[in-house]
Structures are given as C-alpha cells and as structure tokens.
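Each structure below is given as structure tokens.
In what comes next, subunit A is part of two complexes: it sits with subunit B in the first one and with subunit C in the second one.
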Partner chain A sequence: MKKAINRPEDVVVEALRGMEAAHPDRLRVSYEPKFITRADAPVRGKVALVSGGGSGHEPLHGGFVGPGMLDAACPGEVFTSPTPDQVEAATRAVDGGQGALHIIKNYTGDVLNFETAADLCRAEGLEVEAVLVNDDVAVEDSLFTAGRRGVGTTVLLEKIAGAAAERGQDLATVASLARRVNEEGRSFGMAFTSCTVPSAGKPTFDLGPDEIELGIGIHGEPGRERTTNRPARELVEQMAETVLGDLPFAKGDRVIAMLNGMGGTPLLELYLLYGEFARLAADRGLLVERNLVGDYITSLEMQGFSLTLLRVDDAMVELWDDPVLTPGLRWGG
Partner chain B sequence: MAVTTGNIVSWIAALASTYGEQQSYLTELDAAIGDADHGSNMARGFAAARDDLQGDPPETPAAALKRVAMVLMKTVGGASGPLYGTFFLKAATTCPQANELNGDQLLEALAAGTEGVQQRGKAEVGDKTMVDALVPAVEALRESRTAGEEPAAMLAAAATAAEAGRDSTYPLVARKGRASYLGERSRDHLDPGATSTALLLAAARDHLAA
Partner chain C sequence: MKKAINRPEDVVVEALRGMEAAHPDRLRVSYEPKFITRADAPVRGKVALVSGGGSGHEPLHGGFVGPGMLDAACPGEVFTSPTPDQVEAATRAVDGGQGALHIIKNYTGDVLNFETAADLCRAEGLEVEAVLVNDDVAVEDSLFTAGRRGVGTTVLLEKIAGAAAERGQDLATVASLARRVNEEGRSFGMAFTSCTVPSAGKPTFDLGPDEIELGIGIHGEPGRERTTNRPARELVEQMAETVLGDLPFAKGDRVIAMLNGMGGTPLLELYLLYGEFARLAADRGLLVERNLVGDYITSLEMQGFSLTLLRVDDAMVELWDDPVLTPGLRWGG
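Here is the complex of A and B:
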C-alpha cells in the first residue's frame, strides 16, 4: 500500500486538522467527539442540517458544510459510520432553535447510529427529523436486502435542502422537500479498480486487468455484476438506461445531472463521459437544466464513476441556483 | 459458581486480545461480503472497553456491562457499534442491584441483550447476521439451565451453539446489512458478525465462569 498518510489510525483526525487549517474562516472542527460545523453556527432561527457517514467519500460530507448547505458533518472512520455521541453533539452545537434535519445515507450502520443519536437528541428536548437517501438503482431486489443504498443524490439533496433552510423555511417543509428530492433522484456507479482502506492495507476486492464492476456502492463493496471493460459510450449507455428506466424518466423531463468521479478517475475522462451522457440525454429529449462534473462523492482512490439524475421543477432549480459557500461547492452570493 | 464483576472485566480484556489477534481474519471475511472494516472496528472498540474498565474498576456486573455498552457505541462505529452496544446495555438493565450473577440471572442478561440486538437490527435467524450465532447461544443457555447446569456448563454449551450458528451462515444469502446487496454472491461466506459473536461466546466460556 502506498498512501500519503502517517499512521492508518490517524488518517481521519489528521485530515480534519488539515481541513481546519485550510478553511479557518469557514469551518470549526471539534475533535472530541469529531464533527465539523460552519463557522457561524448555530444560526438562530434556521433549521440545522446535519449529515455524516464514513470518511473516504470527500468532499462529502465535511466539504459541504457552510452557508447554503450543511450546518454540521460527522465523519466516521474510513467507510465506517459515525457514532451516536458524535451526531448528538453536532446536532446540539448547530441547533438554532428551529430543529434539525438528519440526512442519512441508507446503509445499515449509518441508520442504526443516526437512529440512536436521534433518540439521544429527543431525550434532551431537541426537535429532530430524518431523511433517508436510498437512490441506488443497482440494488434490484430491495425487499430482501437492507434496501437501496444512499449515494449520489445525497449531494444534490444537501444543496437543495440547504438552500431551503437558508431561506428560513421550517423543519417540516425542509424535511418534506428533502424527501421529495430523494424520491426524484436515481444513481448508478461502476468501478475499474478497487480501493484500499488504510487500516486494511490491501485492496478491498480484486479486479482483473480487463474486468470492471457494475453497480458498486461507495465503500469498495462489490457490485451487481462483474464483466469485461467496454468503450465509454457503451458504459454510459448501459448505466444511463438503467437509471432512466427506473424512475422512470420520460421525454421532456427536466433534470439536474451529476457525472461523479470515484476519486481516481481523471477529469479528462469524466468530461468525456459527460459528453457521452449529454448526447444521449439530447437523443432522449431530457432537458438537462444544471450539471455537476467532478469528484463529489468518492470511494478513496477508486477509479470509476457514477451517474445521478434528479428530476426537478422550477422551485428546485431556483433552490439549486441559490448561493452556496462551502469548500466543495461554491457559487453565487 | 456465579459470574462476578471481575469475571466480566477479564472477559472484556480477553475479547480485546482476541479481536486484536483476529482483526485481519474478521476484516478478510468482511471484505468478501461487506466493507472490510469489521476487524479493525471490533479491535478498537474492545481495546477501549478494556482500558475503560481497567482504568476505573466497576463495582457491579450491571455497571461493568453498561460501561462496556457506552464505550462500544462511541468507538466501534458501523452497524456493530450500536448492535454490540445495545447487547451490553440491555444485558445491564436486567441486573441493576446484583453483586454477582447466578445461572438464572446470567441467562436473563444474555437473553435481554439478544432481544435488544434483534429489535435494533430487525434481523431474524437465517438473515446471515450476528443473530444467527446469538439466538442459538441463548437457546443453549436456557436448555442447559433448565437441565440444572451452572454458569460454567451453560456457557460451554452456548459457545458450542454459537460456533454452530456461525457455521450455519456459510451457505446463506444475506438479507440484512451490507452483505444483502450481494444477493446470491453472499453465499459460501461466513458472516463476519456471526463470527465475532462466536468469539464473544468462546471468550465468555473461558473467562466468565472461571
């Protein structure tokens, strides 16, 4: 294993120190327990948005803390959910008197830890609502599994719900908007290579030189199907068809599209892939209102990408365009 | 022979060593059908629990179990943190005043812990989770107690049943937790959670009634 680290057990805390050093004007970092808040938290009279999850998906979630997006993020160990004490302390730190929305990616560990944290918060008199993101169409039979995983739509949801909270909308309104974003979003991911968790020291799975894994999550877990590599155009077609057929998206639908890198894919290739997607979208009569191309929800150094489509209306596009000022996403204002 | 507070402290210390030694093995099992963090999470959590108990020895079994629960919830992460934390927390609630646990109390504590795990994780036997090792272990404790056995023999029976439960997960398709995403591909692997639970019961056999 070759990684830019000191000791595997110190990776998360040392990365937090770096975030604090890089963004002293924007972020505050707590180390015991670990969480990141926006520098001006708590914002009185505003619904607080709290998310979190395993580390290794940066910029998600810590990189999306700031005005117009999250109030707090709780990083767990690499690919391991944060613990209830972190989430409870973060929620208390950013509560502005209007309650908090917990944004949870649907992974068993995250759900169990956030549920336990919400119990702790409510026992202290804090108002907490939760939204579960479960947008991964690669999970076919969700009846006999832990359900669909939460992946790319999380990024779009944190932006849109964050804008609504920043406008002063109340907890019930922000929570119901967040749930609607989840219902309208779908994602699918693939990998060319595995990734290496620092504490494990070797790749999570092995792929042959010409093999790819379709339908991956974001933790280096194997996906839906192992197959042979193929040209980018065919990959995008296959993945986009799976996403489009699931909601289903129809001709004339307006969408926000995210072509996301898994951490080890060059931007050159991500743009090439987005070009393929844009052509396909035009063919199908989809109106791509806004897009993101780059690394937003990653899996350490994995080579691969994911496609997320969110069906939007005017209100969602307006919220999307609202100012945002975070390390990972920044415009307007 | 009853289970003392000191037995519980030794049990947790033994688990810290066991999970430390088995860290790579558990992580390997988890890499096959999960996300490759179970070994390091369990090793970190139980080392912290051991240090906590040894740093300030608890006075009763309930106090010891509750302290272990809180440390595990804070340090393990993943699904295992709240699940193992709930196991010890629920076990602690059954014996608030006891200075030591007789066979009935031991059974009651471990049965309550197991019910807590099932409620939090919503898993049944056959879902390929830690429940596949825990439930048979509690059944063995109960049968053994009904037959008039004391904690040492009860725990020996429970450890054997947990190991059989662990082995029963090998051919199963996972229906809960991250392994469930693999569907058929989760077959022919031991479940990492059932494996760490079997280790928990083996250490209980060796240390809880010593």
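Here is the complex of A and C:
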C-alpha cells in the first residue's frame, strides 16, 4: 500500500487538521467528537442541515459544509459510519432554533447511528427530521445496505435543500423538498480499479487487467456485473440507459446531471464521458439544465465514475443556482 | 490499459466536446485548430492571456479559461506541445486590441512552438509578450527541458496575471507582474505510481510496491531520487525543505501555498498532507496568506502530489482575491 499518510489509524483526524488549516475562515473542526461546522454556526432562525458518513468520499461531506449547503458534517473512520455521539453533538452545535434535517445515505450503520442520534437530540428538545438517500439503481440490498444504496444524489440534495434552508424555509418544507430530490434522483457507478482502505492495507477487491465492475458501490461493494472493458461511448450508453429506465425519465424531462469521478480518474476522461452523455441526452430529448463534472463523491483512489440524474422543476433549478460557498462547491459568492 | 476513452487518437477532441457541453455559457471551443476561449472573448480593451500545453494536466489549462484568468487555452495531444497554428489562431481570436501575454511552461517543444506563434502574431501586427514558467526545483534540465521545468506556479501565475489583465492593466505591466510571479514561485513533486498515456497504452515508468519517485515531472519524467515510501510527515518535510531552501524563503515571508494532487490521489490524503505542511510552515515562521488544496495541475491518473510556494506581497494577494469564474477555479462571482 502506497499512500500519503502517517499511521492508518490517524488518517481521519490528520485530514481534519488539514481541512481546518486550509479553510480557517470557513470551517470549524471539533475533534472530540469529530465534526465540521460552518464558521458562522449556529445560524439563528435557520433550519440546520447535518450529514455525515464514512470518510474516504471527499469532498462529500465535509467539503460541502458552508453557506448554502451543510451546517455540519460528521466524518466516520474510512468507510465506517459516524457514531451517534458525533451526530448528536454536531446537531446541537449548529442548532439555530428551527430544528435540524439529517441527511443520511442508505447504509445500515449510518441509518442506525443517525436514528439513535436523532432520538438523543429529541430527548434534549431539538426537532429533527431525517431524509434517507437511496438512489443507486445498480442493486437492491447490498453488502452494507437493506434496499438501495445512497450515492450521488446526496450531493445534489445537499445543495438544493441547503439553498432552501438558507432562504429561511421551515423544517417541514426543507425535509419535504429533500425527500422529493431523493425520489427524483438516480445513479449508477462503475470501477476500473479497486480502492485500498488504509487500515486494511490491500485492495478491497481485485479486477483483471481488462476487467471492470458495473454497478460498483462507493465502498467497493459488488455491483451488478463484472465484465470486460469497453469504449467510453458504450459504457456511458449502458449506464445511462439503466439510470433513465429506472425512474423512468422521459423525453422532455429537465435534469441536473452529475458525471462524477471516483477519485482516481483523470478529469480529461470525465469530460470525455460527459461529452458522450450530453450527446445521448440530446438524442433522448432530455433537457440538461445544469451539470457537474468532477470528483464529488469518491471512493479513495478508485478509478471509475458514476452518473447521477436528477429530474428537476423550476423551483429546484432556482435553488440550485442560489449562492453556495463551500470548499467543494462554490458559486455566486 | 483501462481508461474511460474511445480511440486513443480521439481523446483530446472528445474531451473538448465534453468541456463545451458542460460549460456552454462560459466557454467556446474551436476544433480546427483546437483551442478554448472564454465565451465573451474578445474582451475589448483588455490584455489577452493565452496559455496551452500538452493535454493530460487538467484542469490546467482549459479549466482556467474565464473571467479573471485566461482568455484562451491551446490543448496539445496528451503530453504533447500545441502547434504554432493553434496558438496563433487562439491569440487572434481573443485579441482585444491591447496585445497578448503568452504563458509558457518551460518544455522545449512548448517554448519553440509558442515562439513561432508569437512571430506569426507579430507579423500580423499583434503585440505579444511571453512569460516562461520554470519553477520546478527538482532538476536542472530534464527529458523535455533545458533548465527547470514549469509546473505548479503556472496555476498561481494564471490567476494573478489574469486578475491584473481583468483590471485593465497594460501589457508591459501584466507581463512584468507575471515574470515576478514566476521568480517568486517554487515547486517540487513526487509520485507513488506512474501515469499511462492513452496512445502508449502502458505505464510511462515502473515503480516497485514500496517505491516512490521524488522530484517527478508532470509527464512522468525522472526526478531526483527513487526511494522507498515514508510517512507523509517525512515526505512533506523533505519536499518543503527543498522548496524553502531554493528561493530561499525566510521566516516572516508571506506565501500562497498549493498542495496539488497529481490526479489519482484522494482528497483525504491531500488534506492530510496540507495539514503537515501547515504545521511545518508555522514552525518555520512562514505566513500562509492563501492556499489551494486539490487537483490543479495533474498527470493523468498518476498518484502523487506537489507542493508549490509563491512568495507574495500585498498587491499579489489583492489580485489573488479578485473574482475568478472558470471551471477549475471560481470565487467572488
């Protein structure tokens, strides 16, 4: 294992020190328990958005903390759920008196620990709603999941719900919007190579020199099919058709599209893939209103990519365009 | 070779199609010859900034085209200099009547082709100045270079000179500032793994399971030393000391620091590395005024990172903070 780390057990806390040093004007970091908040938290009169999950998916979630997106993020160890005490402490730290929305990717550990945290918060008199993201069309149930896994739609949901909260919308409205974003979002990922969890010290799985895994999970969980590599055009077609057929998306639908890198794929290739998707979208009569191309929800150094499509209406596009000021996503400010 | 591409010979043009599709409001793409311009080019009364180089280093340079940074970028084939006709056509396309500054990384092919392009432009009556970036302290001369290679300082230079041009400063002033940025910038890079050029189909070099290359070039050119991997803290110390000793930087110096990923290194590790650098900088009495952590000048899927330090004064920091609106760097707008 060749990684830019010191001791595997210190990776998360040392990365947090780097985030704190890199963004002193934007972020505050708590180390015991571990969570990141926007520097101006708590924002009085605003619904607080709190997310979290295993580390190793950066910029998700810590990189999306800031005005217009998350109030707090709770990083677990690499690919490991954050604990209830992290989530509870983070929620208390950013509570602005209007309640909190927990944004949870659908993995069993995350769901249980966020539920326990919400119970603790409610026992202290905090109002907490939760939204579960389960947008991965690749597999039903999985290594760490009952039902579908939560992946790329999380990024889009954190942006759109974050904008609604920043506008001063109340908890019920923000939670309802967030659930609608999840319902309208679908994703599918693939891998050329495995990732290596620092504490494991060896690749999570093995792929032959011409093998790829379609439907890969963001922790390297098995997907739908292990097959041979193919031209980018065919890869995108196969993945996009799977995503489009699932909602299903229809001609004339307006979408936000994310062509996401898994961490080890060059931006040159991500743009090439987006070009293939854009052509297919035009052929199918989809209206791509906005897009993201880059690394937004990653799996350490995994080579691969995922496609996320979110069906949107005017209101969602307007919220998308609202200012956002985070390390990982920034515009309008 | 497992890459998300179609035919190796189509990678660059297909990636350009994706860039055009992803940023229709921001960028314009010419395909014959190949160059990218900001959508509002030419900007009348503004000095035009034109850069370019081999593809495979994205977001450099195409991702830095936009208000506050470059007017045009000329992508060569992967790791191959752009041709004089690309640079000449791009310069003409963005000429706003105040002359153009060519920003050239110091590689022999780039230098020759930009010189030829400048001659062609001048023959047409365009005023052209050039700045050469040669900030890599790792080696004197190299596989593709006489003198030092041009690497990370290019990113900082394009931002700072771009701001000066956007403010309406004249060609001589912008060129002089750009040269000063190059003089004040130093970089050093390392690799854990090789990259693979699509047309070559195999890794550019081989490293053993515990081997690293210190002083690596952005095309995989040999560095100073092939050695065994070590803890991140020691890596950063060794690389930072080399950079600091070269200018040399002194206690009390104000710097902009860039901790840059080579393309395949997880953001989690880049933040960890930046944390190590920030501690060292504090120990040495350096004042880190601003920083960038992420993938800004890459080598395809290479795992590794580089450190760039730029000694700055008030004027440079102010220009750094000016708005910039490009796919790869964006704030204040």
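Criterion: the second predicted complex is superposed on the first by the 327 of 333 C-alpha atoms of A that agree within 3 Å, B and C clash if a C-alpha of one lies under 4 Å from a C-alpha of the other, contacts with A are read in each partner's own complex, and residues count from 1 in each chain.
Keep in mind that, in the parts below, a contact is a pair of C-beta atoms (placed from the backbone, for glycine too) under 8 Å apart; a residue touches a chain by one contact, two chains touch by 3 or more.
Remember, predicted model here, so these are calculated numbers, not experimental data.
Contacts of A:Leu235 after superposition on the shared chain: subunit C is touched, whereas subunit B is not.
Taking subunit B and subunit C in turn and counting the residues of subunit A each one touches, the greater count comes from C. Contacts of A:Tyr296 after superposition: neither subunit B nor subunit C is touched. In the superposed pair of complexes, A:Val197 makes contact with subunit B only, with no contact to subunit C.
When the two structures are aligned on the shared chain, A:Trp320 is found in touch with neither subunit B nor subunit C. By the touch criterion defined above, A:Asn113 lies against subunit B but remains apart from subunit C after alignment on the C-alpha atoms of chain A.
Of the two partner chains placed by superposition, only subunit B is touched by A:Thr83; subunit C is not. When both complexes are overlaid on chain A, the residue A:Val139 reaches subunit B alone and has no touch with subunit C. Once the two complexes are overlaid on the shared chain, A:Ala278 sits against subunit C while remaining clear of subunit B.
Across the superposed pair, subunit B and subunit C both touch subunit A at residues 78. Across the complex, subunit A meets subunit B through its residues 33, 54, 76-85, 107-109, 112-113, 115-116, 138-141, 144-146, 149, 197, 199-200, 204-205, 217, 219-222. Note for the complex: subunit C touches subunit A at residues 2-7, 11-12, 14-22, 55-56, 58-59, 63, 78, 192-193, 209-210, 212, 229, 231-233, 235, 263-276, 278-279, 291, 293, 295, 298, 300-301, 303, 305, 330-333. Here subunit B touches subunit A in the complex through residues 27, 31, 34-37, 40-41, 73-83, 85, 120-121, 173-178, 180-183, 185, going by the rule given at the top.
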